[in-house]
Amino acid sequence: MVNKLFLILVLAGVPLSVAGSLMHWPSVLMFIIYCLTIVALASFMGRATESLAVVLGPRIGGLLNATFGNAVELIISIFAIKAGLIEVVLASLTGSVIGNLLLVGGLSFFMGGLKFKRQKFNVYDARHNAGLLMFGVVVAFVIPEVFAQTMSESETISLSVGISIILIALYLAALFFKLVSHRGVYQSNEGGAEGRHEEPEWNKKIALTILAAATVAVAYVSENLVHTFHEVGETFGWTELFIGVIVVAIVGNAAEHASAIIMAVKNKMDIAVEIAIGSTLQIAMFVAPVLVLVSLLFPTAMPLVFTLPELIAMVSSVLLIIVISNDGETNWFEGLTLLAAYFIMGIGFYLI
Amino acid sequence: MVNKLFLILVLAGVPLSVAGSLMHWPSVLMFIIYCLTIVALASFMGRATESLAVVLGPRIGGLLNATFGNAVELIISIFAIKAGLIEVVLASLTGSVIGNLLLVGGLSFFMGGLKFKRQKFNVYDARHNAGLLMFGVVVAFVIPEVFAQTMSESETISLSVGISIILIALYLAALFFKLVSHRGVYQSNEGGAEGRHEEPEWNKKIALTILAAATVAVAYVSENLVHTFHEVGETFGWTELFIGVIVVAIVGNAAEHASAIIMAVKNKMDIAVEIAIGSTLQIAMFVAPVLVLVSLLFPTAMPLVFTLPELIAMVSSVLLIIVISNDGETNWFEGLTLLAAYFIMGIGFYLI
Amino acid sequence: MVNKLFLILVLAGVPLSVAGSLMHWPSVLMFIIYCLTIVALASFMGRATESLAVVLGPRIGGLLNATFGNAVELIISIFAIKAGLIEVVLASLTGSVIGNLLLVGGLSFFMGGLKFKRQKFNVYDARHNAGLLMFGVVVAFVIPEVFAQTMSESETISLSVGISIILIALYLAALFFKLVSHRGVYQSNEGGAEGRHEEPEWNKKIALTILAAATVAVAYVSENLVHTFHEVGETFGWTELFIGVIVVAIVGNAAEHASAIIMAVKNKMDIAVEIAIGSTLQIAMFVAPVLVLVSLLFPTAMPLVFTLPELIAMVSSVLLIIVISNDGETNWFEGLTLLAAYFIMGIGFYLI
């Protein structure tokens, strides 16, 4: 049923996006159309990736998920960098991090907790993820912030490039660790990985075609979306920071939100947590550094230096989720705590 | 015996307070009289609340404790806000947070640890509290600090009010979670809550009368106490910050100090920890936001923006207690570590 | 074999150091000679301390290790303070903290993890150490940094001295806790401490002689080493900060690096972790405060105030190691994560 809705949205949204951008329809209208279209396209990309993952087996599937899972953010961001909107890109990276941890995580814990009194997930994964969050956000994002204060611009870019290469390398090492070297070593006894005998929704050929078509469409729509930010911000009294942190992040991650919550309500917390935290790690350790490297091809290079509010929002989100997920258990109140933190940051980014 | 001492203190202190403030006795003398009287009155309020809690059952009792537990701080602070002493209020909130975590917590762990080699408490409560401390202090206090740097005064107040409402809402949700939704779900096996068949010290009527009378008296004394700060500070070379953070906080929490240590020495660490950390959460998630909202009724609104030293003192205290209480065990050395941290901060606030 | 190499290094290095410094050989050459000689001498001091520890029993042995373990850093630093190089000393303390946690810890976890899939160590020790790291670095180093911003120089020194005394007192209390009061209380079942029946390498007399001789030699070479920093920095384009944080720290801790890795590869992770984290605690809670107190004897007093990059590097290292070591288990990927964090900081200190 949700899938049908997304199909309609794509079939209507893509032509409307093309028509509207050619005929210069009002920015706010186009902003809404673009956002809805991207959400729908993202869901198709997600399902195609999922099908490919089933066909190609868990290793390559895991790799696919880990690299294509945030393709939409990557594409939107590249067009924003091309348009020189460095601040918006950094803001939307921030938004993805806090959105995935607090909003996706919070909604899954809360909704799942309404149905089940105590929900458990693999505590080894939680700890593994905690270490990576600490590394990817607290070390790799805080260090350039502080060190760049007394650096020249070119030194800041050098530092950012160096850190980006290390981040990507460690991200690949983490995939190798998880999918090859220590696959199954830390499995919980409850056998979360049993249900892998599932049929793919689409066969390989169809999945690849859909993935390619949806990627092209997302790229086209994203490029246009980026150019509506300025006018939309003026209309609603939103800063570009707010658009980046809250709006773009919600649009870019809508598909993940939906599937994490569905998994939580089905009491498959391992998967819900994996989506929320895994997706955050992908943003911090793969999308962000790739964007830094890609930005070198454009006139304005993007340093890995966030504003202080962005950085503090990310760091406090990470500390909160680490403390809350530390015991491998969730309940509705832990979800509510995460949501409350998200609202506090939302108010902050709205007023700033 | 302690109770007798407090009775004498009240019977002598209240008349002396009235006489002294009417006859304008020297500030330093009055400061000492006020402080001792408040400590004694607070102990009566605590015992009255305790009796009511026994009479009214654990749910309403828990609610009572959770709202009246820090009534003294609330009353002192309201009079300080009325007198325009916003900085002193923020300082005394800081003092309550670090005092409860480091001084109350430290003394209980240390004194208990001198008698017992290893003391245990419910690890689920510890983790639940850790999440709330991270939320209530690290997220809810740090965000306005950083975001307000570039905000106008009215935006800062809006942000403070928004955060305060969220804090109070989550605090109420936490009570609902603990007293209703998940009551007994995370009980430790050792049955800390068994001993609830106790007789109340006073019956409902007496307890209510004492609570009302003590509250009125505390209010009267507090209003006068607040006006001695300036002169006392000058006499002893204390800054108002030091008076707020260290002196007021110790006076306002003296009763809790005593009962937490008594519980620790009786090896009832569940209760000792509950007093130290529960009281901190009450300050951060209930007293502080209520004061922000109440301050809107007065000429000077109080933002939820601490000074950087105050904030860092609170954040590092929270991180320290989370790491130390994480395993559900204490010993004398953990207590000493907390006390050492308190002394370091005390020196800092004295010299600043 | 390694021991033979170090013997040759000492026998060649000490005379060359004397000759070179008398004949004013080029700074860079002397810098290399001094560094190698110190590394070799440090290994002799380590072995002598070890032998004495075996002879004198675990209590006094533990005390010896805990005080002489970082004698080389202490000696180098005192000569640097004497030369007025306060910044270099603070930088090398920073370097020792992050070097021990991230480089020594990272290499041991990584090398050990290449051989064993999962390595365990005493989780009680890990938690005890986590509390001390939080206290020694996050509380005791962050507080003066923030509070000193508005303090006069003499207040900053007072604060530093006060904190130093508390740090040393708590460090001694920690030794008493570990070696006397709670000795064996938190022993893991796997009996890491069984292998204590070992023979000392040298008897008491020889060990004391070697320790004394090596200490004198280290002192002599260190004093000369300190005076090469300026020219070496200019030659290689290194800042004094980089020399302090990275170069001096690696030289000063080379012996520990070697023994931690050897222990990890032998699957004795308890000892490897003890070297990495115990050595860090010794630097933060003993060497640093002793240097503050010693500096009072010299013209320039050293405040316990690091630069912001140094502080952030230490705090994020501590948070990372706490999260990673929290579960009492390691694997190669956790080691790699620590190493990646070290490289990020290394790039930062190089570029700053």
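Order as written gives the chain letters A, B and C; numbering starts at 1 within each chain.
Criterion: a residue touches a chain if its C-beta (ideal position, glycine included) is under 8 Å from a C-beta of that chain, and two chains touch if they have at least 3 such contacts.
What you see is a predicted model, and the numbers here were worked out from it, not measured in a lab.
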Can you tell me the C-alpha superposition angle of chain B onto chain C, nearest 5°? 120
Do chain A and chain B face each other with the same patch, meaning over half of the contact numbers show up on both, or with different patches? different
Intercentroid distance (Cα basis), chain B paired with chain A, Å: 40
For chain B, residue numbers touching 2 or more other chains are none
For chain C, which residues are in contact with chain B within the complex? 124, 127-128, 130-132, 134-135, 138-140, 142-144, 146-147, 149-151, 155, 158-159, 162-163, 166-167, 169-170, 173-174, 177, 181-182, 185, 322
Help me check something: in the complex, which residues belonging to chain C touch chain A? 117-118, 308-309, 312-313, 316-317, 319-320, 323-324, 326-327, 331-334, 336-337, 340-341, 343-345, 347-349, 351-352
